[in-house]
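Each structure below appears as structure tokens.
Two complexes are shown next, each including chain A; its partner changes from chain B in the first to chain C in the second.
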Partner chain A sequence: MKQLQRHLGPETLPLIAVLVLIIAVFSFASPRFLTGANFGSMASQLPVLGLLTLAMLVPILSGGLNLAIVFQANLSGLTLAWILIAFGGVEAGYGAFALGVVAAIIVGALSGLIMGLVIAYVGAHPILVSLAMMIFLRGVGEFLTRGGDVSGFPDFMNTIGYGTLLGIPVPLIIFLAAAILWHIMLKRTRHGFSVYMIGSNIKAAEYSGIPTKRTLTLIYTISGAICAVAGIVMAAQFNSVRVGHGEALLLVTVLACFLGGIDPFGGFGRVLPVVIALVILQVLSSGLNLLGANQFLSIAVWGLFLIGVMALRWLVSWLARTRKWGIM
Partner chain B sequence: MQSSAQDAGTPYVLQMFSVSKTFGGVRALDDVSFEVREGEVHCLAGENGCGKSTLIKIVTGVYTPEPSADIKCFGQSIRSMSPKQSRAMGIAVIWQDLALFPHMSVAENIAFDQMVGNLPRFVRVGSRLDQVKSILDRLGVQLDLDAPLNTLPIAQRQIVAIARALMGDARLIFMDEPNASLTQSETDHLLEIVRNLSAQGVAVVFVSHRLAEVLEISSRVTVLRDGKMVGVFPTEGMTQARLTELMTGASLQQTVAARDRSAAKPVLAVENLTRHGEFENISFTIRAGEILGLTGLIGSGRTELAHSLIGMTKPDQGAIYLQGRQIKPQSIRQAIDLGIAYVSEDRLSLGLIQPQSISDNSSISVLKSLLNQIGLLSPDKQGQMVRHWINELSIKIGDPDDAVSTLSGGNQQRVVLAKWLATEPQLLILDSPTVGVDVGARAGIFRIIRHLAENGLAILLISDEVTEVLFNSDRILHMNGGRIVNEYDPRQTSVDALEVQIYA
Partner chain C sequence: MKAFKTFATGIAMSAAMAMTTAAETTSMGVVVKIGGIPWFNAMEEGIKERAAELGVEAEMIGPTSADPALQVRAIEDLIAKGVDIIGVVPNDEAALEPVLAKARAAGIKVIAHEGPGLQNVDWNFELASSDGFGEAHARLLAEKIDGPGKYAVYVGSLTVPLHNAWADAAIAYMQENHPEIELVGERYGVAESVDDSRSTALDLIAAHPDLKGFLAFGSQGPIGAGRAVEERRKGGEIHVLGPFSPGQGRAMLKDGVISGGYMWNPAEAGRVFVTLGHMLANGEEITEGTEIEGLGVVSPDVETRNIITDNLLEINTDTVDELAAKGL
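Moving on to the complex of A and B:
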């Protein structure tokens, strides 16, 4: 048990317990909860939020934040859309799609690279830099689209949005693959190691020979690239791209990170608990939806839930402390 | 020489008998007694973890002692104490980190306790200004009252903390490691202030690692070891060696260990190195297996010179040769790859990443060697490497996954050494390697350093503690005002002679 706890991190098991509990409650409350249709709809809603959360996760781990993620996704989606349209819109072939995907990822990564360079070399605070990038991208996007939708994609785009492979929705496969990649990147690469060290003490990391500037630049570049993937999935699911799509997800990604035990000051946190936290959020909103609750109510429940989790964490650590010091 | 405070007739301000405290299963204090007289300068000595801080926290009401305790404060019997009560009685603690507010002005910091109350109200520091001024006069110091605290050097911040304690009419002041980060002359100034306070009837209890100063100023010393009382001793006639023995329970002989290494091959050669405003025309050589001491006051350019050797800053002129080849490191990473390791003087914020694990801290500089065939970090290799160094340097730890901040100063410094030795350096630069490390643990660290030198490592030992350089170096360079002003052979000089040269 202790070995398992150590391997999964202290956050994981309690979150799984919470997840099981919530699923049990909803299964009991609604006969439609434990159905393939419901799981299918959850599986198609989760990935975009999940991919954006991965984009938020690493900057937070390094002690920063990326407020531009949604608009980075939008602009990348737009890039794909324009290339598809240039190659005939509905008629566009796989080649055009592949080109569009590459261009979208380049746009996402480039916007991240610029942020990373400014943060690393100018030393500006990530909140300010990413806020500026967010406003810039939003302005550029709205100017280019005049605030409207860009649509008219080939049919095979649907497969990415709603298709399945071996019964698993394609977007979910993309997200899970990215999550596994993120886990490996953070726990098994020099870059990931550097992210944690920078998040705890960037000066001491530099004195230890960690290439702090390069690492910071890379963190935001990779964050931008995964935003682009989110933007592509969004384009496929909505069958259109509009600047501002998914704007409400920005703060939910931060919520998911904190719920998953990422230290808000950086330096500590893992991918797995964050993924479970995402599933919890999705189950909460789908379950409440099935019970006929208002959509806004389910957002309120998310907020309450985070407050509850923080109180619980405080209680657990307080109990541990009092036991350790023999005060009780 | 000491004030009359040690006369038997002087009343006690604090008397504690049979004080015990247990945390979990650990007996942090075991039947300890502690007495301080009015106006006395008393030293509380002992290694880290001996119970010094627990004792202070009991006096100030942070911890409640076990019921056996009998405490009298200013003649009054005390059952239990709260932090507020203890302050009201005139007990103040100046913690090592000072607990000041960096962005507030000097005056605001000094008058802080008078400005905050139970209820929100308007804050008028102006009304307290005269009082603040008179306290600084009492201390005999001049400070710019409007300057933000963070613009002041550490030594002056310490004075602000003392002034703040006096604002609250403190009659018993505990100072936790007050001189840990001060230079010799700053320490001298602090000691003068303390003498002043003592003459005014304020009792001061010093908690310090730096025994020389402690012996010089205090009249009595209470020694604790492993939570138990070793005894109370008058400082008259007490020597550093004897006190160390009492603290550690082992006798420690310090002798000059210098050897002649002039035949060995040079590892580092510095020629006319200059960085304007920091150091000028620095030339020296360190040979294989040689420990070169570099001493001088803080601000003499010692640390700045080290920073240029490791690529943190760029020298304006001159050349650095490593193993005969000229090098121009552009970053710390490059310096590491060239074979230069730098143990920073600031272990807390630069030397280690305190909240992260012992394991990660010791492998941070050698990640490349921990990769497996497909280029991913191998936990097995990391585990092996960490175990190897923990054994090699006898680091006492619980679990390698524990945060490095859970270790004592001495063990933390060993982790720093492990981290740098893992890089297989040819030159090891040690900048004040024993700051905040217990006397007993210091000897252990120097044993390691000596051993490394015997195996051929070239070592630059930077320190402003004269005894440290004298007993551990093969040669000593003295830096002053950015220049090397003299060179000494440890075998032909003494602590006193060196101190005169450096501090006079």
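Moving on to the complex of A and C:
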């Protein structure tokens, strides 16, 4: 048990317990909760939010924030859409799609790179820089599309949005692959180590010889690239791209990160608890929808949940401290 | 750990209070653009009222922001819930096509309102034809301004096709019949938000001293523009026209800062959703000359799946009290 706890991190087991409990209560409350249809629905709703959360996760770990994620995703999606349309729209082939995906990821990464460079070399605060980037990308996108949507994609795009592979929705596979990649990146690579060090204390990291500027630039570049993946999945699920699609998800990604135990000041946190936190949020939202609850009630429950988790974490650490003193 | 459980149970219990019982009756879910605004509150009342009359189970889902991504999520959950009928008032038609296709593939009938371009629907119904509605407003505007001047046009969003169709019809009518009244700028996509409508109106009034009128298509547009006119004390000089919720705008209409407009009854639209859903669930065909309560005798366009009628209500100082008393 201790071994498992150490392996998964202190956040994971309590979150799993909460998840199991919520699922149990919803299955009791609604006969339709424990059905394939409901799990299929949740599985196709989760990935876009999940990919955007991964884009938010690493900047937060480094002590920053990326407010531009949704519009980076939109603009990358637009890039893909324009390339598909240039190659015949509905008739576009796989080659055009591959080219579009590469171009979309380049656009996403480039927008991230610019943010990273400004944050690292100018020293501006990430909130300001990403806010500026968000406004810039939104303006450019609205200007280029005149606020309209771009649609008319080949049929195989639908497979990415709603297809299944071995019974698992394709977007979910993309998300899980990205999450595993993120875990490996953070725990097994030099870059991941630098991210944690920068998040804990950027000055100390710099004096210990960690290339902080290069790492910060890379953090935002990678964040931009995963936004592009989210943008591609969104384009496939909505069969269209418009600036502003998914705007409401921005703050939910921050919520998921904090619920998953990422330290808001950076330096501490893991991918797995964040993924579980995402599942909890999705289960709460779908479950309440199944019960026919008001949408505003479900975001109220989300907020309440975050407050509860924070209070509980404080309580646990307080108990641990007083117990230690008691022994002494 | 124990506290965690107690907390989660508490939340789930509060959710379970909203529990609905599964039954054999026809069930229906209507996803609207956004929840918690008077227009859709009235629609919800209409839905509930008609559902009680016909003995069907119907609920309205109002997302917390006008983001198509949230509508897609809500429809996914309705499919999982296994409703017989899905109704939708789309924010963005193209973004909903794949999920509506999924709903129809699952054997669910789909009814839309204010979505004339949707492909994956059984029927889309309108309580006002776009040309008739736009022209009626333009005629009223010309009558109120009565002389040369300038006017501005608002739409809910640049991607709401219906608002833009009204704007097209109104602008065309003005150009043809009243060339002395000139259009300012392009149309502004702000009319789903009171604040955006107000600030845009303040800017426009400052920029154009000879501005004489606003045509605001979108439920919050006239209210916002009316507030700006009130702040600048231009009541009677600048005429704000457009469809709005009478209860919300009654005082402003009586103060003369909103000059009037036409509307259709959102509660009636809610009733028609349920009536039409009930007919489709019972396998009734809708053909030329079918009489539908709330729509009258209809002549549906089988090709585009549209049922378009003209059930306009004029909002002026004489009718507003009566309309507001109906809860609008």
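Just so we're on the same page, the second predicted complex is superposed on the first by the 326 of 328 C-alpha atoms of A that agree within 3 Å, B and C clash if a C-alpha of one lies under 4 Å from a C-alpha of the other, contacts with A are read in each partner's own complex, and residues count from 1 in each chain.
Please note the rule applied: contacts are C-beta pairs under 8 Å (C-beta built on N, C-alpha and C of every residue); 3 or more make two chains touch, one makes a residue touch a chain.
None of the values given here were measured: they were computed from a predicted structure.
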Chain C versus chain B on the shared chain A, clash or fit after superposition: fit
Chain B versus chain C as contact partner of A:147, first or second or both or neither: second
Which of chain B and chain C A:98 touches, first, second, both or neither: neither
Touching partner for A:128 - first (chain B), second (chain C), both, neither: neither
Touched partner set for A:310, first chain B, second chain C, both or neither: neither
Angle at the Cα centre of chain A, taken between the Cα centres of chain B and chain C once the superposition is applied, in steps of 10 degrees: 130
Chain touching more of chain A, residue-wise (chain B, chain C): C
Partner chain(s) touched by A:168 [first = chain B, second = chain C, both, neither]: neither
First, second, both or neither for A:210, with chain B first and chain C second: first
Touching partner for A:200 - first (chain B), second (chain C), both, neither: first
Lowest C-alpha to C-alpha distance for chain C against chain B (Å): 23
Doubly contacted chain A residues - partners chain C and chain B: none
In the complex, chain C residues that touch chain A: 1, 3-5, 7-9, 11-16, 18-20, 22, 35-36, 59, 61-65, 67-70, 72-74, 76-82, 92, 94-99, 102, 106, 157-159, 189
Residue ranges of chain A in contact with chain B within the complex: 6, 184, 187-190, 192-193, 196-197, 200-201, 203-211, 267-268, 324-326
In the complex, chain B residues that touch chain A: 22-24, 331-333, 336, 342, 344, 349-356, 360, 364-365, 367-368, 371, 375-377, 401, 419, 423
Chain A - residues contacting chain C, complex: 14, 17-18, 21-22, 25-26, 28-32, 35, 37-38, 40-42, 44-45, 48, 146-149, 151, 158, 161-162, 234, 237-240, 242, 244-249, 284-297, 299, 301, 304-305, 308, 312, 315
